[in-house]
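The next part holds the structures, each set out as structure tokens.
Common to both upcoming complexes is subunit A, partnered first by subunit B, then by subunit C.
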Partner chain A sequence: MTSKFYKRLFLLPGLLLLIAIIIFPLLFTIRVSMANWNVSHSGLDWAGGANWARMFHDVNFWSSLFRLFYFSFITTTLQYILGFTAAMYAWKGFASRRFFRVLWLVPLMTTPSVMAIVWRSIFREDIGAANGLLSKIGIDPIAWSTQIFPATVTITIAEVWQWTPFMFLILLAGLLSLPKEQFLSAEIDGATPWRTFWSITFPLMAPISIGAIIIRLIEASKIFDSIFNLTSAGPGNSTETPAYYLYTRGLREFQISYGATMGLMYLILAILTLTILGQIFARVSKPRGI
Partner chain B sequence: MSKITFTNIGQSYDKSPDQDTWALKPISMTLDSGKSYALVGPSGCGKTTILNIISGIVTPFQGSVAFDDVDITKLPTAKRNVALVFQFPTIYKSMTVEENLAFPLVCRKWEAAKIKSRVGEIAEQIGISHKLNRSANKLGADEKQLISLGRGLVRDDVTALLMDEPLTVIDPQLKFELRKKIKQIIAGKDITVVYVTHDQYEAMTFADELLVMSLGKLVQRGTPEDLFERPNSKYVGNFIGSPAMNFFKAEVVDGLAKIGGYTLSSSADLKQVADPYLEFGIRPEHIEVHHGSGDNVVTADFFSHDDLGSTRILNCRFGTGVIKVKVARSFEVPNHGPINLKLPKSNLLAYREGLQVL
Partner chain C sequence: MKKILKYSFIFIWSTFVLVPLSWALVTSFKPPAAVNNGATFIPWLQFQPTLDGWKDITGISGYANLFPPLINSATVTFFSTLISLTFGCMAAYGLSRFSYGWKNYKNPDIIFFFISQRIMPPAVLAVPFFILLKTLHLLDTKLGLVLVLTSGLMPIVVWLLVDFFNQLPKEIDEMAMLEGCNPFEAFVRTILPLARPGLTVAGMFAIIFGWNDLFFALVLTFTNVQTLPVAVVALNGTVTPFWTLSASAIFSILPLVGLAFVVERFLSKGGFAGAVR
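Now for the complex of A and B:
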């Protein structure tokens, strides 16, 4: 028995686990995407690239993807800006720091679907609080769930409310870990708070910001529960995202193979997008100079 | 440049009324404009507290601090026009070396052309001109520390340069070079420098005057020579110099020290002292190996020696303790056994309860 054998033997449990939870499901999904598995016909027959061809011509799928780009980009950007602002406030100790921190975590502790129901009641067109408030300041009621733009805004608000605390938490942790001397030096050098932020705080926070944004983008791209509970992808399918579309085709209509195909496409696009974004972020945040 | 005046400054971090527990016991002193000072002492002696009070990082619990007789006790750091060099190099990581050096001037809204020439000038002085477009973060700790210093000096309105153990994170072989360089850079400027260190060599080679601190008190202030030749307390005798000063107890009879059958005369006027039991101190550097007898010559028992490179330390038993003698390398180490040592009168200092008797 060589030491090589033992090395491999000890690696085996990990490898088996990896096969069981990642490699097998992935390979199985690829195989399923090339079959005709649906509600009336189960099993792994051979359909070749039929599902893939169908997907490339499926306008609903592609438009849901573009919508997702919008949702994840807008919500993550808003979450980042709001989260960073709040973290700066908490960091500078403007508000009672501990109180502020706990308060900011409340949305994160609530269940997204429960909150979606709360938001739905707020945005009810007849008796909702949102329209009630608007009418108080003389604005006509808005059709929150029956018009495309207001429905999009509703989901954006719910998502931003739910996940800004996550950004806040990570960015505050980042801010608290920054060396104090840098800021004292900047103060002595005569930098205004605004310049200190742009020249020192923001660049120092780049690695943490990139991490937080990437994590949020991954999460945001899976957006489902708020859409399911708030608009059910409506009006029509104007707020439908790939996760929701996959759910409808794959689990409601039981088009297992077609769902698998879209799932794979979504995975490929997600990996590509995040890789490109990662590269861009790395290039932008690189310190100047050679 | 600026004269720095401390008036009854004391600092207690827990605001205790008991002065014995204060980090800095009340002190009044003046640091003259354009001179360099080193605050030395072990960890926790209050040296950084003094520096932080000058820089404004710490507002003293009591007393006032003034720059050129203008009270600045309540003024924030940014308004004091001081340059600070911290223990860990403080550079702006996202910027190039040039941008780092230019930052204080950009903040002061200087014209681009003026900034360029001033940065060039300072870069030349700190010897970093060839690296101006490098990323500051990629430089070594010593160069980063020079940039921290350069960023302080680039402003033309600096009143004082404050350095808090700036060489601590520098490799030993670079330490010496960097210290020399910092000294050279500062030498050309009329600037008040306060340098905190726990390293006596650093302090003695760097500063015009040393302030030796212990337990929140200023123990002695003086030139390196003053502290070496005339330590006012056993504490300074032990802290400054390597090896530390030799101390031994002796009985005083008729103004002379009696120890182990020898009668020694000291620089102090011992006739005035009522207490017959005193301690005497002499630097290892001042003791001479003597052939034959004479005034202030004692016989000790030489039992070992330490090699320090250019010098050697002879360890000899004398009285109830050990006396160390520093000799040049060229000195031939004698056989173990009796050795005659001359303790020159002018260098034999007397101490009572830890303090020098004059």
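Now for the complex of A and C:
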């Protein structure tokens, strides 16, 4: 019973179980991306790099990736700012904060695909709550699903509603675990709350923030449920993201090989982006293991 | 001035959180006329509430019964969370206490390997998972769905727990080992009890992500194991009226809302201290 045995005993069961589950899907995806599997022809023949060449010329795929910059970076930033603000208020400051902590957590517990249905009923042009409320204050009904800007707004609202509590929870837990000494000495020095926030709270929260932002970016980039139910990538394909485009080509049109090709490209680009982001984050704050 | 800013944020944010929930709740009690003739908001004043929507989803009117999907969802979520937590917390503990390596790949790369499992959009993995489960005769079974979900939940558990274990001083394990425990006993007897808050957060996220999964459940199960999100989305695909849909939405949300209270209790007791870092 050497320590090497225990070292392996801890990591390997989980790692091997994970690899056992994902190894076949991963290898299959790589292999099928070099085949020609579609609705009229199934099987692993050899098509070489045909799918890859097609993908590099597929304007829809690349424009969906650029759109993702909006949908992942902007929504994650909004969620971070709002979640941090909410966490600061729920951390200390007002009496009934325990009630608001529960309330502000609730959206995280709801099912995104189910909430997307609710949001769709809110943004129905004719009988929805949004236009109903707007008409009460004298604003003309807005065509939520047929114009590009309102359609983008509806998705942003749904995403911010659903996932801000994720940031809120992680940041609040972080705030509650901060050491108290530095805040005391800042108070004695007579620092304003604004100064205290920027010179103590924010830097101390940097590692937690980075962890939360990275995992949120990964999840936000897969955005599917709200687009599927709210806009179906419309109007036109103005709200189409890679996850939705992959779904359309790969599953709805059953171009398995082509979907797999785009999936792999997406995976490579995501890993590259996250690695670069991790480096940047590590440089601007204390180093963290990513 | 600052107080105005603070309370207006609290007020606006709370309203925003409540709007879709209360809209769904109110709509679930509406009769057809209150839905189809434009938006209505206040029960009794603007319409007479009915229970038709709720009868539709609880099997009373014979339209749909969401209780079997509820039980399926609970079973699948429970077991995938249990497996992810068991193996995930062992792996996370190992990654926090030992250094692993193969060529240039060290602990941070292994941690990134875990979390990178969440990058791939489910639409890509759906077909290979379908073929895999079909080969293993696990299509439309709870076990098959549990295995697939585990591959998505364990990465979250590991990601959250590594930093948590890092915060527990190594002296604790060393003390236990001096008293004659082997490393595994030290982990089970001394570290796990101290790690309860961290395990709770990790378990909570696993429950949330497992419960709310739609895509894999949609592709990999059909009739035997219909989960709650799938059942609701299936209602949405047919000509189900809005009041029934709203009732089903509230129905599928309720079980986890209870979790928000549990989480808050942990937070306020300081039980989360160091759970996320």
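Here is the rule we use: the second predicted complex is superposed on the first by the 264 of 290 C-alpha atoms of A that agree within 3 Å, B and C clash if a C-alpha of one lies under 4 Å from a C-alpha of the other, contacts with A are read in each partner's own complex, and residues count from 1 in each chain.
Keep this in mind: contacts are C-beta pairs under 8 Å (C-beta built on N, C-alpha and C of every residue); 3 or more make two chains touch, one makes a residue touch a chain.
Owing to the predicted nature of the structure, the values given are computational and were not obtained by experimental measurement.
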item	value
Touched partner set for A:V106, first subunit B, second subunit C, both or neither	second
Touched partner set for A:E181, first subunit B, second subunit C, both or neither	first
Partner chain in contact with A:I271 - subunit B first, subunit C second, else both or neither	second
First, second, both or neither for A:G190, with subunit B first and subunit C second	first
Contacts of A:I127 with subunit B and subunit C, given as first, second, both or neither	second
Subunit B versus subunit C as contact partner of A:L44, first or second or both or neither	neither
Subunit B versus subunit C as contact partner of A:T85, first or second or both or neither	second
Residues of subunit A touched, compared between subunit B and subunit C (which is higher)	C
First (subunit B), second (subunit C), both or neither touched by A:R98	second
Common interface residues of subunit A - those touching subunit B in one complex and subunit C in the other	289-290
Subunit B to subunit A touching residues, read off their complex	57, 76-78, 82-84, 86, 88, 90, 92-97, 99, 103-104, 107-108, 133-138, 148, 151-152, 155
Sites on subunit A touched by subunit C in the complex	1, 3, 6-7, 9-11, 13-15, 17-18, 21-22, 24-26, 28-29, 32, 82, 85-86, 89, 93-94, 98, 100-115, 117-119, 121-122, 126-129, 131-133, 161, 169-170, 172-174, 176-177, 207-208, 211-212, 214-215, 218-219, 221-222, 224-225, 229, 242-243, 246-247, 250-251, 256, 259-260, 262-264, 266-267, 270-271, 274, 289-290
Sites on subunit A touched by subunit B in the complex	179, 181-182, 184-192, 195, 199-200, 203-204, 206, 287-290
Parts of subunit C lying in touch with subunit A, wherever the complex brings them together	6, 9-10, 13-14, 16-21, 23-24, 27, 35-41, 83, 87-88, 90-91, 93-95, 97-98, 100, 107-108, 110-112, 114-129, 131-132, 147-148, 150-151, 154-156, 158-159, 162-163, 182-184, 187, 201, 208, 211-212, 214-215, 219, 228-229, 232-233, 236, 242, 245-246, 248-249, 252-253, 256-257, 259-261, 263-264, 267-268, 270, 272-277
